[in-house]
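Each of the two complexes below includes chain A, the first together with chain B, the second together with chain C.
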Partner chain A sequence: MKTILEDYIIELVICAVAIILMILNPHKVVLGLTYAVNMYVSLFLVILSVAFISGFISETVPPNTIAKIIGKKSGWKGVLIGAVFGTFMVGPSYVFYTLFRNLIDKGAGINVIATTIGAWAIKVQWIPFAISILGWKFVVIFNSLIFIYAIISGYVVDFFVKRKESRKD
Partner chain B sequence: MDAGNIYLLIAFLFLLISALKDREKTKRALKVTGKIALTVLPVLFFIFILMGIISVLVPKETIAQWLGSGSGIKGILIGELVGCFALIQPAAVFPFAGILHNKGAGYSVLFAFAMTAILIGIVTLPAELKFLGKKFTIVRNVLTFIFVFLLSFVFSYIR
Partner chain C sequence: MQNFIIGIIILALTVGLYIIYLRKDKTKLKKAVQRGVKNLIQNSIRIFAIFVIIGILQNFLSKESVGNFLLKFSGIKGIFTGTIVGAIMMGPVATGYPISKYLLENMAPISLVTSFLASWVMIGFISISLEVKNFGKRFTVVRNLFAFISVIIIALIMEVLL
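And then the complex of A and B:
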């Protein structure tokens, strides 16, 4: 019982918060739930795809290879791969957290993963549109700063999070 | 969500190649997939419910109002905080920022908002905690908040 509670504590807390909000705003529950179900349905296959990509990588790509490409010792090349990867990824980043976990467990560097998440804020597919409404100055500076931030944040997060801190199970 | 189809395609291709090459490995990969899906799907389900309720409670007009209510350091901080709590799809951040810009919101506020909206999500924090660990989550988010604050100053000088 205790382990179940520990494993699902996060879900329970979210659930509790959601229920409290629903009780406080009963007339908006249906709208909120519709939104949730719609989003869940539209992302369902993406979540499954990402799960399969993680499963596939963990079964077919040897940890050594992962460590070599994006591991601690991959140096600036690994960081650059992470930054470019994050730059071109689409979709919400939280869908990919399991993939990242998997990669870290298989030897990917914490710095590379943190850089990838940081570079997520660069939305390549939106750059033309963003320029047209916000001007090129904003967009160019915005994206360059994010790129630099992503790389720095990789190193800082890595500095604080030691490898053995990764989940025990 | 069209962009998501890319992942569907990639996963399908992987599955095809893998099934043709090695049945056993494919089976094992599918088993791992099932395990991963079973951990992700419930968390995300609850997160989406929370997102749904909050996004109904806090409409975009309210967010726009908050963002227009300050400038300077206060404006940046408001932008960051609103970005942390705002439930806005990354793809919708720029169009939304465009509207705010037309309404007169400053670049530094927009930058603070857009950055934190994409990089920090109070509601998706549980997923990050669960999969990437306590330390990673705390350090990354605190760091991002500080960085965005500093970077926003750069934007105060752009007109």
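And then the complex of A and C:
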């Protein structure tokens, strides 16, 4: 019971806040819950796949395989793979966090994972919509700067975080 | 629709991996399935909780109220406020573009609009708990602190260039 409380403390706080808000303004909270259900349903296949790919990687893939492709020693190639993957993926990055954690456990570079999460800020699928609203100049410069940030972010995080510290046991 | 397409592609890849491995080692595969189920339950609870808070926030914070609040600030104060408000805002960034347009139409500085949008996509205040759980405190603090500094730098560069 204590472990469950510790593990899901934030979710329980969210639940409590939702209940309080529901008493104050039931209509808005119902709209919020509807949004949550819609989001979950629309991302269900991604959430399902990430859960089982993570399980697969942690049980079957030898550490060397991952380390060779996106390990710290993979150099700029690994960073580039992370940056491109992060740039072109859709959905919120936190849906993929379990997978990233498993990849780190199996030898992926912390720089590669931090770069991937950083590059996730580039929302490729929304670029045409963004250009129609904010103009191409704004969108191109904005996303180029984010791409540069993502790559530097990988090196900065890697510099300050040691491998064993990246995992909360 | 894009989420569905990506979902189908990743699911096909996952099923493919499991089928290929089926011939190699069934015991390990069984363990992988068990871990997958555990991951699915844990992730679903955590991700759904985040979706609930995003849904509630979106309904309590209207585009106009966020826009009008940000318009009160300019200069360095504007960049900081834009960064903090952007970090709190979650959900698809498509909602952030109309707010940014509203801000620009009302003569808000480019740096404020940029810091708001950049922070929206680069810093996830609500998903920080998930980041800590998966990567540890140090990783989360360093990454988000660097993102915060980068948002300010990007905002200043955009102000100069546009």
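Simple rule for what comes next: the second predicted complex is superposed on the first by the 151 of 169 C-alpha atoms of A that agree within 3 Å, B and C clash if a C-alpha of one lies under 4 Å from a C-alpha of the other, contacts with A are read in each partner's own complex, and residues count from 1 in each chain.
The working rule: contacts are C-beta pairs under 8 Å (C-beta built on N, C-alpha and C of every residue); 3 or more make two chains touch, one makes a residue touch a chain.
What you are looking at is a predicted structure, and each value in this text was computed from that prediction instead of being measured.
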Subject >> Fit or clash - chain C, chain B, common chain A >> reply: clash
**OP:** Go through the superposed model and pick first if A:G55 touches only chain B, second if only chain C, both, or neither.
**Re:** both
Subject >> Partner chain in contact with A:C15 - chain B first, chain C second, else both or neither >> reply: both
**OP:** Check the residue A:L145 against both partner chains and state whether it touches chain B (first), chain C (second), both, or neither.
**Re:** both
**OP:** List the residues of chain A that touch chain B in one complex and chain C in the other.
**Re:** 8, 10-11, 14-15, 17-18, 21, 25, 28-29, 31-36, 39-40, 42-56, 58-60, 90-95, 97-98, 100-101, 104, 110, 113-114, 117-118, 120-121, 123, 125-126, 129-130, 133-134, 137-138, 141-142, 145-146, 149, 152-153, 156-157, 160-161, 165-167
**OP:** Write out the stretch or stretches of chain A touching chain C in their complex.
**Re:** 8, 10-11, 14-15, 17-18, 21, 25, 28-29, 31-36, 39-40, 42-56, 58-60, 89-95, 97-98, 100-101, 104, 110, 113-114, 117-118, 120-123, 125-126, 129-130, 133-134, 137-138, 141-142, 145-146, 149, 152-153, 156-157, 160-161, 165-168
Original post:
Where on chain B is chain A touching in the complex?
Top reply: 1, 3-4, 6-8, 10-12, 14-15, 18, 25, 28-33, 35-37, 39-57, 89-91, 93-95, 97-98, 101-102, 107, 110-111, 114-115, 118-119, 121, 124, 126-133, 135-136, 139-140, 143-144, 147-148, 151, 154-155, 158
Original post:
Can you name the residues of chain A that touch chain B in the complex?
Top reply: 8, 10-11, 13-15, 17-18, 21-22, 25, 28-29, 31-37, 39-40, 42-56, 58-60, 90-95, 97-98, 100-102, 104, 110, 113-114, 117-118, 120-121, 123, 125-126, 129-130, 133-134, 137-138, 141-142, 145-146, 149, 152-153, 156-157, 160-161, 165-167
Subject >> Partner chain A, residues of chain C touching it in the complex >> reply: 2-4, 6-8, 10-11, 13-14, 17-18, 21, 25, 28-29, 31-40, 42-60, 92-94, 97-98, 100-101, 104, 110, 114, 117-118, 121-122, 124, 127, 129-139, 142-143, 146-147, 150, 154, 157-158, 161-162
